[in-house]
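A, B, C and D label the chains in the order they appear, each numbered from 1.
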Amino acid sequence: MEPLYVINFKAYPQGIGKRAIELAKTLDEVAGETGEKIIIAVQPTDIARIVDKVEIPVFAQHVDPITPGPHTGSIPMEAIIEAGASGTLLNHSEKRLRVCDVAGVVRRAREMGIKTIVCAGDEYEAGAISRLKPDYVAIEPPELIGGNVSVSRAKPEVISRGLRAVSPVPLLVGAGVKTCEDVKKAIELGASGVLVASGIVKAENPRNAMLKLIGRM
Amino acid sequence: MEPLYVINFKAYPQGIGKRAIELAKTLDEVAGETGEKIIIAVQPTDIARIVDKVEIPVFAQHVDPITPGPHTGSIPMEAIIEAGASGTLLNHSEKRLRVCDVAGVVRRAREMGIKTIVCAGDEYEAGAISRLKPDYVAIEPPELIGGNVSVSRAKPEVISRGLRAVSPVPLLVGAGVKTCEDVKKAIELGASGVLVASGIVKAENPRNAMLKLIGRM
Amino acid sequence: MEPLYVINFKAYPQGIGKRAIELAKTLDEVAGETGEKIIIAVQPTDIARIVDKVEIPVFAQHVDPITPGPHTGSIPMEAIIEAGASGTLLNHSEKRLRVCDVAGVVRRAREMGIKTIVCAGDEYEAGAISRLKPDYVAIEPPELIGGNVSVSRAKPEVISRGLRAVSPVPLLVGAGVKTCEDVKKAIELGASGVLVASGIVKAENPRNAMLKLIGRM
Amino acid sequence: MEPLYVINFKAYPQGIGKRAIELAKTLDEVAGETGEKIIIAVQPTDIARIVDKVEIPVFAQHVDPITPGPHTGSIPMEAIIEAGASGTLLNHSEKRLRVCDVAGVVRRAREMGIKTIVCAGDEYEAGAISRLKPDYVAIEPPELIGGNVSVSRAKPEVISRGLRAVSPVPLLVGAGVKTCEDVKKAIELGASGVLVASGIVKAENPRNAMLKLIGRM
């Protein structure tokens, strides 16, 4: 099965504003040249400016559990959709949400026709979230996020247990994923794709880093 | 003194996406025709698309207390600046912040050269915030927000006490402000301007509502 | 099956301090006289003083997702256990928690031998929570909490759907429960018990209110 | 001037339940023998059980910004007062609060006759808080909390600047305070006392640690 690559720009300096637009275009070219499935998750301020320059799906990194109305400083799903987002990450370890809010946002996303990738730190959290039927559950052991050891190598059991916990919702895995071996291992164990951030966004040469990740370099 | 009009688009359906762009252009025209000082505070997803279409300053409604780095789902000041914002609202009653976060964001805004309008619910909160030296403190009695009775009429003492509490930081007032009498009264009492949301954003004819607010219609 | 009655003292004036101790003793007497299963959930400040005066189980209303250590102002499970609590409510609509925190606290409670009753607002949230295997899931439609119409009468489908969603975890229901008919209906539909707050705590005569609730008066 | 010693039990294992009661009695004996002013800040579950065994003032570590009513899992000021607390810490770096909540709780504490010690991380935050007129402002540079280098030695300028920022509200300082030289230095610089946690609570012999801190051993 073809893996899905979700590239999370976070709030890295390399993933904001003009640099985010350049990075998005680079990843879009790689997707075009190789036929790989790449999704990017960007700052809300950058969604509209990136969407009109790339073919790959552009996701938000979060959306607030509100409907349009008097909510200063909160972002409703309508705002990211109007900006052109086709989905959103949710509940990342850097932005954990309440059960009721994950439930509400996932349901609303389904009604409004956008995708959700909901993060979890372990198979227990992942199992609970899978009951809400997001499009993907992504397990990222928090202690490996941002590091150099990948989840596939350090904690393969997280993937196999995670699969059982979230089935039939497809599973993504993340944290420390940097090489195409990391990806292969994850896919072999049953994952549908990977979540990557620093490995691509902070790379000196993101094009090469992405090509290496997908095994074309 | 010329009053400052801060129009907060909130997350109103009329203040998101295409409708936000139209509304921004309308208010920009009014500012151009009348010479009045108008600032708009919009969704982060809309900043960049509005900034290149208007002359009036575009503010964010909030910015997260983080610096660029691994913070999925949080918006650093750099992101709104890159999108073209020249300032931000902070601590609105719909998004109250911790003391340490108001302190940190106001200081950072000063260093990075953007403006801050920090909201407060009463003169005590306003007084504390004024010590952090934002560009403006805005007092909005929460019980009047979104209603039809203006702070100038219902609670003129909030303005006079607020002035003493925040001096020498200039004071804005808000909540229920809809007519040019509301504005005049506030300015007479010493305020430097007003915060308005539903009165303009939800008006059937925002152009007329804005013209009325500034006393040209 | 014998229903379980969980009486939530909340932060009602009648449920704090000396009045909480009196109320606890009253409910304990009713439990002793009637043989009914009653649990009370009280302020953390009152746990120790109530535990040594009653036979019925005393629960906390919440416990923070921390382990003992440098956490000023947060209450670890060890603190409520030392005070004599035998369980805790969690995720009440007035104190919703993040998925990761419900997961962590429920797991820890199991390891440390205390019970958890985890609240949910609907069958979706309840289903997700049931995967974490708390001792009970309690569904309370937020719009009915504190009102005079019971969930059993106004929304019987919440109970039947809730049962399917949480099975095999036993289900409690709450919100507006005030009469023994409300309880009977809930039990008939398959619930294992009820959550009650204002109906008992704010009653002029809590003893009579409790006797009525269990159908002995 | 006689320094005030505020001993924060946090959620340390040594500061919970039976061990908290023993620690409180030990510190109370030291206060009785030496005439020093010692305050302890304990878990809410322990307030009532400690209050009836000691003479020294017992504080809460936090109180929620609510008034009595339907607030499951939140602790109103009435609950800690009923339990016997004579004051509360607020806004500790491990439990930072919103501006509006510090303002509300400090005002309420004054009305209800209990004391507040409000923490701050630097002189800016401290200055803002001082405007709310708590009984004390306590500055603790977060990076020194729990460490072995005291604020008086590492950052004496925090104390002098803090004093100017909070005047006329008296200033406490904390973070890394372990020796009587640390205390002396702080008092010389103008502080009214110190906040100490691990230095006493985690000491092998808290009695000796306290005696050393006050310079009697």
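The rule is short, and it goes like this: a residue touches a chain if its C-beta (ideal position, glycine included) is under 8 Å from a C-beta of that chain, and two chains touch if they have at least 3 such contacts.
Bear in mind the structure is a predicted one, so any value in this text is a computation, not a measurement.
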Taking each chain's centre as the mean of its C-alpha atoms, which one ends up farthest from the centre of chain B?
C
Where chain A and chain C are represented by their mean Cα positions, the distance between them in whole Å
37
Could you give the separation in Å between the centres of chain C and chain D, each centre being the mean of its C-alpha atoms?
33
I'd like the Å distance between the centres of chain A and chain D, where a centre is the mean of that chain's Cα atoms.
43
Give me the residue numbers in chain A that touch at least two other chains, ranges are fine.
none
So which chains actually touch one another? I want all the pairs, not just one.
A-B, A-C, B-D, C-D
Can you name the residues of chain A that touch chain B in the complex?
8, 10-13, 16-18, 41, 43-49, 61-62, 66, 68-76, 78-80, 82-83, 89, 92-95, 145-146, 197-198
Per the touch rule, the chain D residues reaching chain B in their complex are 91, 96-103, 107, 120-122, 124-125, 127-132
